[in-house]
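Okay, so here's the structure we're looking at.
Lettered A, B, C and D in written order, each chain numbered from 1.
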Amino acid sequence: MALSREQIAQRVANELKDGYYVNLGIGIPTLVANFIPDDIEVMLQSENGLLGMGQFPTEEEIDADLINAGKQTVTMAAGASVFDSAESFAMIRGGHVDLTVLGAFEVDANGNIASYMIPGKLIKGMGGAMDLVAGADNIIVTMTHASKHGVSKLLKNCTLPLTGKGCIKKVLTDLAFIEIKDGKFHLLERAPGVSVEEIIKLTEGELVVTGDIPEMKL
Amino acid sequence: MAGFDKVVSSYEEAMAGLTDNMTVISGGFGLCGIPENLISEIKRKGTKGLTLVSNNCGVDDFGLGVLLPNRQIKKIVASYVGENAEFERQMMAGELEVELTPQGTLAEKMRAGGAGIPAFFTATGVGTPVAEGKEVRNFNGRDYILEEAIVGDFAIVKAWKADRYGNLVFRKTARNFNPLAATAGKITVVEVEEIVEVGELDPDQIHTPGIYVNRLIQGTFEKRIEQRTTRPADPQAVKGV
Amino acid sequence: MAGFDKVVSSYEEAMAGLTDNMTVISGGFGLCGIPENLISEIKRKGTKGLTLVSNNCGVDDFGLGVLLPNRQIKKIVASYVGENAEFERQMMAGELEVELTPQGTLAEKMRAGGAGIPAFFTATGVGTPVAEGKEVRNFNGRDYILEEAIVGDFAIVKAWKADRYGNLVFRKTARNFNPLAATAGKITVVEVEEIVEVGELDPDQIHTPGIYVNRLIQGTFEKRIEQRTTRPADPQAVKGV
Amino acid sequence: MALSREQIAQRVANELKDGYYVNLGIGIPTLVANFIPDDIEVMLQSENGLLGMGQFPTEEEIDADLINAGKQTVTMAAGASVFDSAESFAMIRGGHVDLTVLGAFEVDANGNIASYMIPGKLIKGMGGAMDLVAGADNIIVTMTHASKHGVSKLLKNCTLPLTGKGCIKKVLTDLAFIEIKDGKFHLLERAPGVSVEEIIKLTEGELVVTGDIPEMKL
């Protein structure tokens, strides 16, 4: 069965390592924070200028001067630091963040990503997404594998304006965990109960399937 | 002698000299840390044809969004312009020019403008619409695009505390683009919650030195919250439900 | 789990992995705010063929100057290299390669290295020996030269206080190049006067976030003064003479 | 009579205006701080990262962590701020400093300045001088008009490696206050008791003398 949003977040959380500085994008990536394993510590970077983002505030703790990049009220964890936007993106662009998790409309077999604009329809802007995909070595894209109408989002070539070129190596969808290399998608894991055939059917770009594909552990 | 006293007594004085078709750089991220009253003053003045440089453009009735109904904005340079119906209408109708700029590039353009760096290379935006018309160059095996600095005729900034010399301290994530905007204005105007005596701020803990500040005014702020997210005060109470 | 605890227990551990022919970026201005003990450890290790990036190269018997007698330095990138006889001898004899770099350009090169900016334009040095072999480009009627970023295999930094996560606070003008060096090392090693508990430092007042710091050690410092200039304690006493 | 070092500093101080942020180079420029008129306020920027440099410390106040760009122990004035070297030169390069005063070996009629190197003899480096001359609109160069042997330092073309090109407009020597424009030196003032002829004789570059040249007021 296809993973729920929470299950996608849960699987991403398994990729976290002790001592990681992590930037979580808006949407499903934000949920990853709820599944950080108890035996490791990670620090969350919010690109509006906060390293060490904490949980949501209680009603009493709410502070209009303390928000995350999704403009939600948050708190600070112990050891947090605050800085300006140039410093925040110096961190990001300079490759100091260990892992970035973000959503997308489309990815393709060349590692391109489209996530910020649907011409004529949705023009909200890229925010920090272009900097994040250009700055991070280690990026996980989370998205649904296909549209409700069964149209694949893992393409030969992205059709929408790109957020970044050749920068995506790992994609986690509701159906599969996939690596991108050598211009191809490589199937690493499948969602529990989802068949390889189903994944092949919903992947437009070339999908390499080598040996038995294990089910994800959640 | 006025010396280094940057304090002005009215918002009118604070924004004096702002005229049609100027470029204004604004601090703030969403509705957090925005120079609320300086924006209101621009609305009151009715200055038109402005080019605004700001990460966002506020919402329909707050922040820079209030400059939309009277068509005061000709062009906006921003990274994210959602959350605003009138903005979308003017943009789609071609009444408003929008230059979408990646957030980190926008921050760096402001910093560069203030720091006398006319242009810099960045990997952000390579191979995307942002790269159109820009020089691409390879350094150490990777492609980068050339981005130019931004300087404003005015910069409008919100800080937390200041001394009369214009030394500024920001509070939590209301810092965001404000220190960068402060460096990049030919005239930099700052509004703060509190003005303290010279000498009260620790020299090691000043975020923006007064040399960047031309005018300073104390204001009162609504500080509207865009996404009010909370957790229960007592986690046990939830578990008990 | 180690988590974000950056504290190491010996200088040997602090500089582990430094090998011949590496590039080391050092904080400090003159003898102010220099990582004294990390420099001593490099001397003790006897690592050779180093490229050093630092505003100055210490004096004959203190600071980076102590790496000269055993010819550990192959090349130095610095803005000012006076005050050091052995340095001058090695330079004049062609035993030491010196790349003189304007102080502001040097600072910006370190910042760029840490910030993922491979190159930037600056007016500093146009028409001087510094511009030789560099691209010149005109922006808005003025010439600028293209300068490239610097990244070090190691960066060595002196801060005042830190928490165990590596969040740093600097004191007075001992800050200088240190925060910039901290961002530009593949491995950044910091020595401090005091390590405090996580949570003790005000998040708004941290100069260098711990994300830039790999290793942290507490040391004791000589803090030698180069130019001891004073005024009389009681000006009346002087007038009375 | 030729001005003393103190008199040169004193004449420079007359160019200060209330509210000026000023960077004073090493040597004679440093002395300018002693002659700031009582009725104005100026703030001194030291490029190692201090705005609001105060007087020298008393023996008790000495702090190894608080020095100026000449590596002298100093204090901080009220309203001072401390910052890193990149921020310091952002200020300088970005044109935020109102006046820069620095020494030189040579200047020429095209506004070029040589101040940091005598090949084969003195190779100490430019420190912040190249940034200062490139960043400031308003620069006063202080120097002796000629060497002890009567060799002019105000040249047709600098002979030493340049610190900056076409950036100097005002020179104050022990003999004269001179403006540089249109590729020529223009004599504005002469030191008390120094004749125009004497200045002409010791100026290698073309010197324009228009009308009566007043004596400096000190």
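Side notes on the structure shown:
Just so it is clear, contacts are C-beta pairs under 8 Å (C-beta built on N, C-alpha and C of every residue); 3 or more make two chains touch, one makes a residue touch a chain.
All values reported here derive from a predicted model rather than from experimental measurement.
Think of each touching pair as a link: the shortest run of links from chain B to chain C has 1 of them. Contact with both chain A and chain D is made by B, C. Set side by side, C-D and A-C show the greater C-beta contact count at C-D. Look at the CA centroids: the one farthest from the centroid of chain B belongs to D.
One inter-chain figure worth recording: chain A and chain B are separated by 28 Å, centre to centre, where each centre is the mean of the chain's CA atoms. Once the centre of each chain is set as its mean CA position, chain B and chain D turn out to be 36 Å apart. Residue positions 108, 111, 115-117, 122-123, 170-172, 175, 203-204 of chain C are each in touch with at least two other chains. Annotation for chain A: residues touching 2 or more other chains are 76, 82-83, 86, 89, 92-93, 134-135. Shown here, the protein chains touch in an arrangement that is not a line, ring, star or fully connected set.
Under the contact rule stated at the top, the pairs of chains that touch are A-B, A-C, B-C, B-D, C-D.
Contact residues on chain B toward chain D in their complex (touch as defined above): 1-4, 111, 113-117, 163, 165, 167, 183, 198-199, 201, 203-204, 206, 209-212.
Contact residues of chain C toward chain D in the complex are 29-33, 55, 78-82, 88, 91, 98, 100, 102-108, 110-111, 122-130, 160, 170-180, 207, 223-233. Interface residues of chain C, counted against chain B in their complex, comprise 108, 112, 115-123, 137, 139-140, 142, 144, 148, 169-172, 175, 203-205. Note for the complex: chain A touches chain B at residues 46-50, 55-60, 62-68, 70-74, 76, 82-86, 88-89, 92-93, 112, 117, 123-131, 134-135, 161-166. Of all residues in chain D, only 18-19, 21, 39-41, 43, 45, 51-52, 76, 78-83, 86-87, 89-97, 134-135 touch chain B in the complex they form.
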